[in-house]
Amino acid sequence: MKKIIKNGVIVTASDTYEAEILIEDGVIKAIGHDLQANDAEVVDAKGCYVFPGGIDPHTHLDMPFGGTVTKDDFETGTIGAAFGGTTTVIDFCLTNKGVPLANAINAWHAKSKDKAVIDYGFHLMIAEITEDVLNQLPSVINEEGITSFKVFMAYKNVFQADDATLYRTLLAAKELGALVMVHAENGDVIDYLTTKALEEGNTSPIYHALTRPPEVEGEATGRASRLTGLADSQLYVVHVSCADAADRIAEARKKGWNVWGETCPQYLVLDQSYLEKPDFEGAKYVWSPPLREKWNQEKLWTALKNGELQTIGSDQCSFDFKGQKDLGKDDFTKIPNGGPIIEDRMTILFSEGVKKGRISLNQFVDLTSTRAAKLFGLFPQKGTIAVGTDADIVIYDPNAERTLSAETHHLAVDYSAFEGMEVTGEPVSVLSRGEYVIKDKQFVGNPGSGKFLKRSKFGEH
Amino acid sequence: MKKIIKNGVIVTASDTYEAEILIEDGVIKAIGHDLQANDAEVVDAKGCYVFPGGIDPHTHLDMPFGGTVTKDDFETGTIGAAFGGTTTVIDFCLTNKGVPLANAINAWHAKSKDKAVIDYGFHLMIAEITEDVLNQLPSVINEEGITSFKVFMAYKNVFQADDATLYRTLLAAKELGALVMVHAENGDVIDYLTTKALEEGNTSPIYHALTRPPEVEGEATGRASRLTGLADSQLYVVHVSCADAADRIAEARKKGWNVWGETCPQYLVLDQSYLEKPDFEGAKYVWSPPLREKWNQEKLWTALKNGELQTIGSDQCSFDFKGQKDLGKDDFTKIPNGGPIIEDRMTILFSEGVKKGRISLNQFVDLTSTRAAKLFGLFPQKGTIAVGTDADIVIYDPNAERTLSAETHHLAVDYSAFEGMEVTGEPVSVLSRGEYVIKDKQFVGNPGSGKFLKRSKFGEH
Amino acid sequence: MKKIIKNGVIVTASDTYEAEILIEDGVIKAIGHDLQANDAEVVDAKGCYVFPGGIDPHTHLDMPFGGTVTKDDFETGTIGAAFGGTTTVIDFCLTNKGVPLANAINAWHAKSKDKAVIDYGFHLMIAEITEDVLNQLPSVINEEGITSFKVFMAYKNVFQADDATLYRTLLAAKELGALVMVHAENGDVIDYLTTKALEEGNTSPIYHALTRPPEVEGEATGRASRLTGLADSQLYVVHVSCADAADRIAEARKKGWNVWGETCPQYLVLDQSYLEKPDFEGAKYVWSPPLREKWNQEKLWTALKNGELQTIGSDQCSFDFKGQKDLGKDDFTKIPNGGPIIEDRMTILFSEGVKKGRISLNQFVDLTSTRAAKLFGLFPQKGTIAVGTDADIVIYDPNAERTLSAETHHLAVDYSAFEGMEVTGEPVSVLSRGEYVIKDKQFVGNPGSGKFLKRSKFGEH
Amino acid sequence: MKKIIKNGVIVTASDTYEAEILIEDGVIKAIGHDLQANDAEVVDAKGCYVFPGGIDPHTHLDMPFGGTVTKDDFETGTIGAAFGGTTTVIDFCLTNKGVPLANAINAWHAKSKDKAVIDYGFHLMIAEITEDVLNQLPSVINEEGITSFKVFMAYKNVFQADDATLYRTLLAAKELGALVMVHAENGDVIDYLTTKALEEGNTSPIYHALTRPPEVEGEATGRASRLTGLADSQLYVVHVSCADAADRIAEARKKGWNVWGETCPQYLVLDQSYLEKPDFEGAKYVWSPPLREKWNQEKLWTALKNGELQTIGSDQCSFDFKGQKDLGKDDFTKIPNGGPIIEDRMTILFSEGVKKGRISLNQFVDLTSTRAAKLFGLFPQKGTIAVGTDADIVIYDPNAERTLSAETHHLAVDYSAFEGMEVTGEPVSVLSRGEYVIKDKQFVGNPGSGKFLKRSKFGEH
């Protein structure tokens, strides 16, 4: 029932200190020295950091895409997440025009209910704004607890919304208390460039990057930011991949606009040259937006350091190299977009960020957990270590050394985006609401134990 | 011996939650619900926030200036500070060329020792860099615990250092582990403009502002930032008064340089027109840098919101209107620079910042306490509420309404910079290392109870 | 047959000097001192500047709009232009989707042929890019001599093109040698805001401005600029009204992109408050983009001075206050957009720009004539005073003082946008290809004498 | 007596056209077709451009530096200049503190009088501003015709002026009608870095670059620009070498400040790696500011294209590799700074700029001649081809191909900075006030035929 974590160094977005944590009924009961808890199971965190469980605000589990479905679902995906120290995911619930929003939400509940090993929430995609959609939004927010909406500026003729939809979503979100998320790439231009590339016989993976140049992301990011400033609303730009887009966010913030930016581990350590790997291996590295020229990486790290970007999402969206990615063997536009990142998200940040002096320990926690909790209405239930919060906790060995690989990861997908990369730092044990999911690096959780999180409105905490 | 704070809402730079705090031996022993502490004195914080005590990183107590001495010393000054919720001040220790640094440090210890009612530390002014000075610095840092150096770019022929001194101080600070602070105004230009103004018979207070235009601050801020970037060192720009200077800091941070900026309450709510008050009253508002045109205020608030500026200092430096400020009756250059801000520093931030929605509660704590603790080597002993930290705590009533006035403040000086201003929020009780300094809005502390703080090197925490 | 202009000071975009100009066969034959030309008619320019005739790159003469037609056609419009010193206009030829481009071009030839008193060319609007349209463009450029295309980013469901159309137009223009022009406002957002304003009963002229805020212009300008950079093409942004849009152009140019900006006299001297004039008089000042807050004016002047904006168009588009503007009496969206500027375009620039020291004499010529000639393929036939160029010449009295008014202007429209404004500088005589159009401030020209100009491809000179 | 140039294409900063030029008494008498001039000597410019003679606003001829004297004096230097198409130079007259300015001016007249083969003027260095100096300035401007002052922000303890001197020079220049020029590098920092480099035994040429990093130039350029804006004066930044400094100028201009920037051919085509050439050859490439990393070149070209930089100077300052540069064999600080550029200045701009499409023909003329004439009070006597101007004319073969080399140049110095560089474009003949200096690529001028130019006040034309 009770647990007490001893000998560790607790790290939050603000603080770093040694103390014991007493957990009761899945919640943190007390933090202190010499806590009285004879009946509690002792968790020894000696030599370890004690982090709040990570929050991955950007996952696609069990998601259909281009005639296939992501390899990892809510079971394998959340198991991988837990191994990496993540105890909450927020997944994107895809909708279709003209269909009740509830259908999509119900479908996502069905996908996740008996499978998730950690807690989870949903973002809702907005495909169009009609009177009908507007009428459904209050119950989505107030009853379903889904308080963030996603708008796509790309994927023409599929997901792409026009500026009127984006602007009206921003206004609705402001009125109702939600956060708008955008996939910011100019879909019109991409559509033209991809069509032309194929016409010219350019079908290999690298053309995925070449037909989605940084300018189309910078443009769309700037556009969405300006519409947000005009609407006096709030915007979260997902998967910022390049300096151009990061700069647009920084400009918006400088004006005092409520714009935040998320980047992903892949943009921090991989680059466009990966798409040119031989034997179609480049397909493993097909994301939208694509990996960029290497010099962007340092700009993104600096943006994390100085607060121009605020969160790290995984954009987890995994497809097997054999059997799925190869749908695009002869046509890069048919390569399913995305990759397996959910498990290594925090590891990359810790190893490449904290260990290399690019960000502080407290920033690590803020970037991988706290800020997402605040932005997405999960705070203070999730996102920190404080009395009263859910005991979602990671016991983290900062000195463990290992090599990332598909052979050792815990996802279902058949490759690793970081194959062979040497990293430092690893979760030893992970608790979800006080119960072990990972114990001494072994999975001990239960599919279905993860609960759906009804989230607070934007700005309530 | 023990105290337990109940029923309040604890606020840190990151978290906001309800819990009890158990204090023992001046230190936070535990935070939790239902803490066992029958023998502890109960502090009821019902309806209140429980903040870490404020840290004022910029005060001038008992400081000689232009033939007079600040009205408030370490006794009245720290009493005022405590009434406002501040439990630590860092005062500037002024040095002279060619004199051992120890002399100045000893003089400052003598000024403060039996007077301070809260804890305090010193910054050390660097007037010149010679081999002799360089040889003294290691012991200043390692033995005296003074880990921040101040360089003046203005006050020609008095405090002003040249760029070589600034640059070498930056290099020394990097090597030894100290933070460089600058008063950033171009003293050469100011010297010319003030001389000319007086020659032309322009002697009234407003000419203080007109002879120190924003460009001279923006220029010097940009210069110091660039030298910092070049030296790969660390810089803290004191009393940023205008958008021009704030923008220079933002640019430096965007490049990834280690530059931070402090602004002061007076720049956030007062403006240049105050210097034109009749009957020489403008003299009350003579600061360097001067108050600016009103439009700068919104820019500074936005810079606080988006993290371009990081701390709030008071630049406390009080002189009586009658008997001191009037030294400059016929010559604005003879008006002692500065004003009484130490007591109202946090109040202004809370009332104008938090209450008006410009910054969050957590940002309030970060700006007035936590960030200064981190930058100036006091963390985690000071600057947060966490197990193991000093019990420097403010019980804060967020709804108390009152009017700021010299009639009700607790400083020795004869006027208030914010006379008549209506504010919301007030400390009810203030603890320093677990002991009441203010209890139910009454001073109950003891001069001399404040301790000198030997601070850690820059970047150690 | 021959004319010789004596005693004037010739001004070009680069030079200012005293010399005689010998004209023969409508062309400048020689410039010099003591030219031998006994048989030439002497034009005495004593006390005057001798400017190249102005080129107005942005007019709408005889244009249908919202169920009515501009009051001024190619006859009254070009007469007004000539009185103001303009000797060439380039008018916008409006097209419709699905109709051969030739139809529109023929219609515009029919409107202008027997009416224009000065030379003229056409820009062609691009409503959509289809294979069919792409096939027509080479002959438009090579045979019709129409080498600039206009794309609208606003006027949803009327003129508005999507980003695919804009991008493909940029690519086609690059390939074929044309310059793309954009009306840069985000039409989606405007559409929403205007609909909402009307729903809320806000029908008066000021809502025209409030529903087209500067952000929608800044956004669209930035978007078009970025697409241009990406396409490595060339872009001309018409009627830049505000600092936000001007800054986007400056940013693009800083990157080396081929982006130019035009502003108009109305944005330099009128402001948003004019739309609030009582008795529906605000309708006289309804432009798209709208007049802006006054502080933008200085930013635009500075942009002209330092080269961030390059040309001055009139956006001439006149509707009577009585009988046309009042179509929008009860609904601001029905007020025909535009005003009468063609006649006063150069006067405003001279009086407010040159005379007030904001721009130089040479810049005046460049802004009002030379740069447009270069950008739009008229150079060196038009746009300068040099041997071999058309003798389109203005004899300009720089000291004439007068008051602008509908009572004295030469347009058909019933009001002046600059009613009551006192200006300095006035054309005394104006020559088109060596023949007087205005002589001693009297119209002496002939409708139909103006010739259609087939223009060179972009970048050929 | 008379000459007539036929068959060439005249190019000015604005125009490009075919016409004849009639020269009489050293001045352009007429430009036209079929000019009557039977008695005139015909200069056939078939296949050539006819440019206004170049103006090199930045030379150091016969200048003492560090115990030696530049190899090229007013004779060999101006002969080289003429071969390259330059017909006017403005040389820097160095002064010393406490010595009458007239002494320096007389010394420079003595150096140049019987030697120069083209016309020339002087800039005056300001070492300090005292009442005495201020009293001498009016006659320097009005009687000596020296209307530009140079202030050094570097060369500590030698030429370096403090900010008070710079600011007061700006104010004096504004009042009297002069243009202030700055050598913008932070001398304090350079002094420290060079001393330290030598102490550490780093004596080779590359340390010249490493001890003058771009930040010191960017900082000083920003500082000087801001003081100019504050003073509402006018500033010309010489030898801009890097993007950092160019950006500071662009920022100043964006604010509407009167700041101009000059770059030099060496910064456009050479880079820092040249200083690492073996066998001390790096010494040939020692300039202050130093050559920069290669990526700066494209930024400088773009700044020229979009008008952020306005002129091209040579900073001609030549020292023999053998016997002069080797003074610094064991100590890079003893390498005389500078190189031979005067002859190839225009060639580099034409070949690398015009021929490679980076700038237009008209920009070439503006950058190498016209703008300098306007800024330095020589216009319209010099700097353009127009009736009434001095017949300083270059007949330029745009297709001549050759290889730059010390073996073929016409300077006295023993090496070429551009040895082996293949270029296109070469002057065939060069006229100074109507007389050949270069005829069919042979020198036919006379030392002493060049006249001293008393220049107009700043802003008079």
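For clarity, chains are labelled A, B, C and D in written order, and residue numbers in each chain start from 1.
Just so it is clear, a residue touches a chain if its C-beta (ideal position, glycine included) is under 8 Å from a C-beta of that chain, and two chains touch if they have at least 3 such contacts.
Keep in mind it's a predicted model, so treat the numbers as computed, not measured.
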Touching both subunit B and subunit D, which chains are there?
none
Among the chains here, which has the CA centroid at the largest distance from subunit A's centroid?
D
Rounded to a whole Å, what is the gap between the Cα centroids of subunit A and subunit D?
57
Would you kindly tell me how far, in whole Å, the mean C-alpha position of subunit D lies from that of subunit C?
39
With chain centres taken as the means of their Cα atoms, state the distance from subunit A to subunit C in Å.
50
Of all residues in subunit A, which are in touch with two or more distinct other chains?
none
If you connect every pair of chains that touch, what shape comes out? Choose line, ring, star, complete or other.
ring
Subunit D residues within the subunit C interface of the complex:
10, 12-19, 22, 29-36, 250, 253-256, 302, 305-308, 366, 370, 380, 384, 386-389, 461
Taking the complex as given, what residues does subunit A use to touch subunit C?
156, 162-164, 167-168, 186, 188-189, 191-192, 213, 215-216, 218-219, 222-223, 226-227, 229-230
